[in-house]
Amino acid sequence: MNMEKRKKIKSISYAKWGYIFLIPFFAMYVLTYFIPLISTIYYSFFENYMSGLKQIGPNFVALENYKSILFDSDLPKYAYNTMYIWILGFIPQITISMLLAIWFTSIRLNLKFTGFFKTVIYMPNLIMAAAFAMLFWALFSDIGPINNLLVLLGFEPYRFLSEINGNRGLIALMNFLMWFGNTTILLMAGIMGIDSSIFEAAQIDGASSWQTFWHVTLPSIKPILVYVLLTSLIGGIQMFDVPQILTDGNGGPDRTSMTMIMFLNKHLYSKNYGMAGALSVILFIVTAILSFTIYNNLTEKDVYSKHRGHKMKGGKNEK
Amino acid sequence: MKNKINKILCYFVLIVLSLMCVFSFCLLIINSTRAHSQIQKGFSFALGSFFGTNLKNVLSNGELPVVKGIINSLTVSSLSAALAAYFSVLTAFAIHSYEFRFKRAAFTFIMMIMMIPSQVTALGFVRWMAKLGLMDSLIPLFLPSVASPIVFYFMLSYMQSNLPKAVIEAARMDGAGEFRIFNQIVIPVMKPAIAVQAIFTFVAAWNNYFIPSLIIRSAEKKTLPILVAQLRSADYLKFDMGQVYMLVFLAIIPIIIVYILLSKYIVRGVAVGSVKE
Amino acid sequence: MKKFKRFVAITLIFVMTLSLIACSSPTTEEPKQPEEPAEETPAPEVDEAEGKEGKVLNIWGWNDEFQGLFNNYFAGKGLVPEGVEVKFTIVPNRDNAYQNALDEALLNQENAPDDEKIDLFLVEADYALKYVDTDYTLDIIKDVGLTPDDISGQYKYTQEIVTDSKGAIKGTSWQATPGLFAYRRSIAKDVLGTDDPDAVQEALSTWEKFNEVAEKAHAKGYKMLSGFDDSYRTFSNNVSAPWVDENNTIIIDDNIVKWIEQTKEFTDKGYNNKTSLWDDQWAADQGPAGKVFGFFYSTWGINFTLLGNALETPLPEGVSATGDPEAYRAATEGNGIFGDYAVCYGPQNYYWGGSWLCAAAGSDNIELVREIMRVMTCDKETLTTITKDTQDFTNNIEAMEALAADDTFASAFLGGQNHIKLFVGSAKGIDMSNISPYDQGMNEGIQTAFRDYFNGTVDYDTALNNFYTAVIEKYPELKRPE
C-alpha cells in the first residue's frame, strides 16, 4: 500500500515528461497527415471529383456518398473478397510462424543454422511487390513452369490467372511468402524477451513441450501476439499491393479478387474525394470496431495500470 | 531418439520453406541473365548469356541514374528507419511509463490513426506537401516516419513485457534525468525491438513506389522503385525485361546487406538478457 | 553462423563493386552527344533583345523516348539557343502516376515560377483529348505559330486525335502508327495455298472472309489469332460514334459488339489461344513454336516486338537492321522463323500507339516550342533521317511515300516485302474523328470486363455490368444507357 502511494506521487510529478515525449509524434502527425485526413472526412459530404482537368463541385450532398456506397455499390462483395483472401493467407502464416519461432528459440531442439534459415525466410519481403508479382506471372502463366510440371505429372493445365480460385490462391500464397518471415521474427523477439530461467524451471519441473508452450510461452508473448493479430487484421483489411499488381488493378475474374482498398483506389483515379472520403470513413469505422473488440477481449481492461508487468516481474523475482 | 526425429522433421520443414523463399531469387537471377525476347516467351530454368549485356545497359543508360537511385533510396530508407524506431520508442515510453491526464486519449488517438488506410490520405498528402513547398524533395519521404503508429504500437507491446517500471524508478533514485533514462536505459533494453522495426521500416521505405512517384520529379532525386517503374514504361524500342530484372536484382543487393547486418542484433539482442535487475 | 553472414555480406558488396567498376568503363567509350550546343552555332539574337523567352524549357513525358530523339535530332544539332537549359521530367506511367503528376502541375501552372512552368508535354492518343480539349494546351497554329503549311505534310488522323471540340489542332506528333496484319507465310500456304500478300489480303479483306479463313485454319490445326484483344483495335478504331454522347451516356458501338461476338465465337470454337496482349503465351505464339496464323501489329510492333519474338536466339548486342548488314544477315538467317512473316492490310484500317507533343498554356518559351515542333514533327528531312535510323514510321506523307517507292527499303524479316509501302496505304485510310477523352478507360475497361465473358467465367450481362461499374468508377460523370 505504502509502495503504491509512493509510486503515485512519483508519477504525478513526472507527468510533464509524458507530454514532452509525445510532442514529436503528435507535432509530426498534425503537420503531415492530419490536415489531409480532416479534409478527407470533410469532403466525404460533398460531390467533388475531377472530370479530366475540370473540377466538379464541391457541392454539399450530405450523406449521398455514404448511401451510394452502402446501398448501391458492391462493397459487401469486396469486403467478402478481402476477408476470404486474408484468412486464406493468415492461417498458414500464423501457424507456421509460431512453429518456426518456437523451433528457433527452443533450447531442447538446439537447431543449427538458425541464422541462415532466419535470414532466408525473411528474404521474400525484401523484393518489391511489383517484382515479386512479375515472377509469379512468369511462374504461373498458362505456359509457365508450374503448368509444365502439372502436365508432366499427368494433370490438366490450370489457368491460374484466369480462374477465381487460382487468383485468390496466388494472392494468399504471395502474402504468406512475403509475411511469414516477418511474423516469425516478431514472435521470436517476443519469445526471446522471456526470461530463460522460466523455461529452465519448466524443464526441471518436467513440463512437456506442449505444456511449456501453452503455460509459459503463450501467456508471456500475449502482447506481441495481440500485436501480430491486430496488425495482420488491419493489414488484411488494407490489403492492396499484391492483389493490385497481380490483377493489374482489375481485381481478377469478375472482380472476385478486388479488395476494399483496391475499390477505394479506383475512386482516386478521378480524384473522387467525395466517394473516396465516404468509403474511407466507412472502412475506418469497421476497422476500429473489429480492432477494439479484439483488443479488449485479449488484453486486460486497463493496459496502463501500473499493476501491469507485475506478473512478469513476479516471475523474475522468483529466481 | 524422439528428439532426433523431431529435429529431422524441423530441418525438413525449414528446408522446404527456405527453398520456396530462395526460389523467387533464383528466378530473378535467371531472368536477369536472359534477353528480353527470351523472357517474353516464357520462363525457363536455363541461365542465359545476357547478364553482362543487361548489367551494362542498365548502368550505362544516361536517363536512368542507378547509382544515384541507390544513394537516394539508402538515404530515405535509413532515415525513415532511424526516425521511426527512435521516436516510436520515445512515444511508447511516454505512454508506458508516465501517468498524465490525456494518456488514455493519446493512446486511443494513435491506435485510431493506425487503422486509417494509407491510401486514404495519399493524394491529400501530396497536395499538402505541394502547398508546403516540399515537392521534388526527399524530406516528405522520410520525415513523416516520426509519426509511425504501427511501430509505436509494437514498441509499446514490447515494453509491456520487457521494461519493468522498477528499472526506471531505480534509475530515478540514482538521480538520472528523464532524457538520460530514456537514452541510456530504455534504448538499450529496446534494442531487439528497434532492430526488428528498423528492418521493417527500412524495407517498406526501400520498396515504396506510390508516394515517391507523386512527389519526386527530377532524375537526380529518384528512388529505385521509380526507376524500375520508369524502365517498365519504356517505349517499345527500349522496353527490355532483361534490364528490368537486372535493376530489380541490383535493387535488392543493398537491402540484403542491410538485412544481414541488422539481423545480427535480433539474434543476439535479447538472448544476452538486457532486462537486468 | 556469424561467419556465414559476414561471408555473404562481403561477397555481395564485392560483386556489386566489381560490377559497377566493370561496367562503368565501357560507357565512356561510347560516342556521347555533346553536352552543350557547339560554340559556333549562332544563338538567335531576337530573344536576347526582347528578353521574353525563359531560360528553362520544361518537357514532361512518361518515358525517355522523346528525350532520346530530341537529343539526337534537335539538341545534338545545336538548335537549343545558348543559355537555355532543357529539363526533362519523366514520371512513369504505372498507377497513373504520370497523369496524376501532370494534372497537378498543369493546375498549378499559373502559380509556378516561370522556370518551373511546363512548356511541352507528351500525351498518348487514348487520353489526349483530356488535355487537348481544355485551355491548358495551346493551339499549335494560332498560339504556337506553326503555319498550316508546316503541318500539311502530316497524316490527317494524327491531327484528328489532337483536335479539340472547336476544331483547333492542339498537338503534333513525329510518328504515325498505322497497323497491318502480319501473317505466317508457311501457314498461309498451308491454309490458303498461297503466301502472296495480295492474294492473302484478298482472302482477308472483310470480316466475313476473315472468319472463313479462321475456320479453314482451325481445320488444319492452326489458330487464327492468339488472343482476345488482338483484333480489338481494328474494331474500336472504326466506330461510328464516340464512346460517350453529349448527355454523358456511354454508348457501346455496333463495331465493339461485333468484336465481342467475333471473339466469343473464336474462343468457343477454338480459333484462338485465349491469351491477352503481352502474355508469355502471346509472345510465344509469335515464335518458332507458334501455330497462330497472324497478328495485328502496328509500325513499331512488326520490326521490333514481332521480330524479337520470331527469333530462336536473340540478336547479339549491337546487331540491328540499321547496323552492319553482314552481321545482321548472319545473326538472322535460319534463326527461328525469321523471314516467315509477311504483312497485308487486313479487314479494316487501324492504328495502335504513338505519342503527341502538346504545348502548355503559360509556357514562357513559345519560340523554342514552335521550333521543336517544327523540326521534330514537320521537317521532312529530320523525319526521313529518323525513319532511316530507327525504322520508325514517321509523320510525313511525302517522306514516307518516297521510302515506299524505294526498293532498297525492303525488310528481310518480312521476306523482302517493303512494309513502308503498306503502312503508307493504311495510314491514309485511318479516320479518328470519333475519338473521345474517355478512350483510355473505355478500351481498358471493355477488354478487361469481357475477358471473363470469353473465358466463360461470367455471362454477357455480368460482363457488361462490370464494364459499366469499372468505367463509372473512373469517370463519375458518366451514365449507363437507359
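The letters A, B and C name the chains in turn, as written, and every chain counts its residues from 1.
The definition used in the following text is that a residue touches a chain if its C-beta (ideal position, glycine included) is under 8 Å from a C-beta of that chain, and two chains touch if they have at least 3 such contacts.
Computed from a predicted model, the values in this text were never measured in an experiment.
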{"item": "Which of A-B and A-C has more C-beta pairs touching across its chains", "value": "A-B"}
{"item": "Middle chain, criterion being Cα centroid separation", "value": "B"}
{"item": "CA centroid of subunit B to CA centroid of subunit C, Å", "value": "37"}
{"item": "Chain centre separation (subunit A, subunit B; CA means) in Å", "value": "15"}
{"item": "Subunit A and subunit C: spacing of chain centres that average the CA atoms, whole Å", "value": "41"}
{"item": "Overlap residues in subunit A, where contacts from two or more other chains coincide", "value": "114-116, 119, 130, 138, 141, 143-144"}
{"item": "Residue list for subunit B, restricted to those that touch at least two other chains", "value": "42-43, 123, 127, 209, 229, 256, 260, 263, 267"}
{"item": "Residue numbers of subunit C (touch at least two other chains)", "value": "1-2, 5, 8, 94-95, 280-281, 284"}
{"item": "Touching residues (chain side subunit A, partner subunit C) in the complex", "value": "49-54, 56, 74, 113-116, 119, 130, 137-138, 141-144, 159, 162-164, 248-250, 253-255, 266-267, 269-270, 272, 275"}
{"item": "Residues of subunit A defined as touching subunit B within the complex", "value": "7-8, 10-12, 14-22, 24-26, 28-29, 32-33, 35-37, 39-40, 96, 99-100, 103, 108-109, 111, 114-132, 134-135, 138-139, 141, 143-145, 177, 180-182, 185-186, 188-190, 192-196, 220-221, 223-224, 226-227, 230-231, 234, 237-238, 240, 261, 264-265, 268, 271, 273, 276-277, 280, 283-284, 287-288, 291, 295, 303-304, 306, 308-309, 312-313, 316"}
{"item": "Parts of subunit C lying in touch with subunit B, wherever the complex brings them together", "value": "1-2, 5, 8-9, 12-13, 15-16, 19-20, 23-24, 26-27, 30, 62-65, 67-68, 87-95, 97-98, 100-101, 104, 108, 278, 280-281, 283-284, 287, 300-301, 304-305, 308-309, 311, 314, 317, 353, 355, 390, 392"}
{"item": "Touching residues (chain side subunit B, partner subunit C) in the complex", "value": "35-38, 40-43, 50, 52-53, 55-56, 59-60, 63, 67, 123, 126-127, 130, 209-210, 213-214, 217-219, 226, 229-230, 232-238, 250, 253-254, 256-257, 260-261, 263-264, 267"}
{"item": "Complex interface listing, subunit B residues touching subunit A", "value": "3, 6-7, 10-11, 13-14, 17-18, 20-22, 24-25, 27-28, 31, 39, 42-45, 87-88, 90-91, 93-104, 106-107, 110-125, 127-128, 140, 143-144, 146-147, 150, 152-154, 157-158, 160-166, 169, 172, 178, 182, 192-193, 196, 199-200, 203, 206-207, 209, 225, 228-229, 244-245, 248, 251-252, 255-256, 259-260, 263, 266-267, 269-271, 273, 275, 277"}
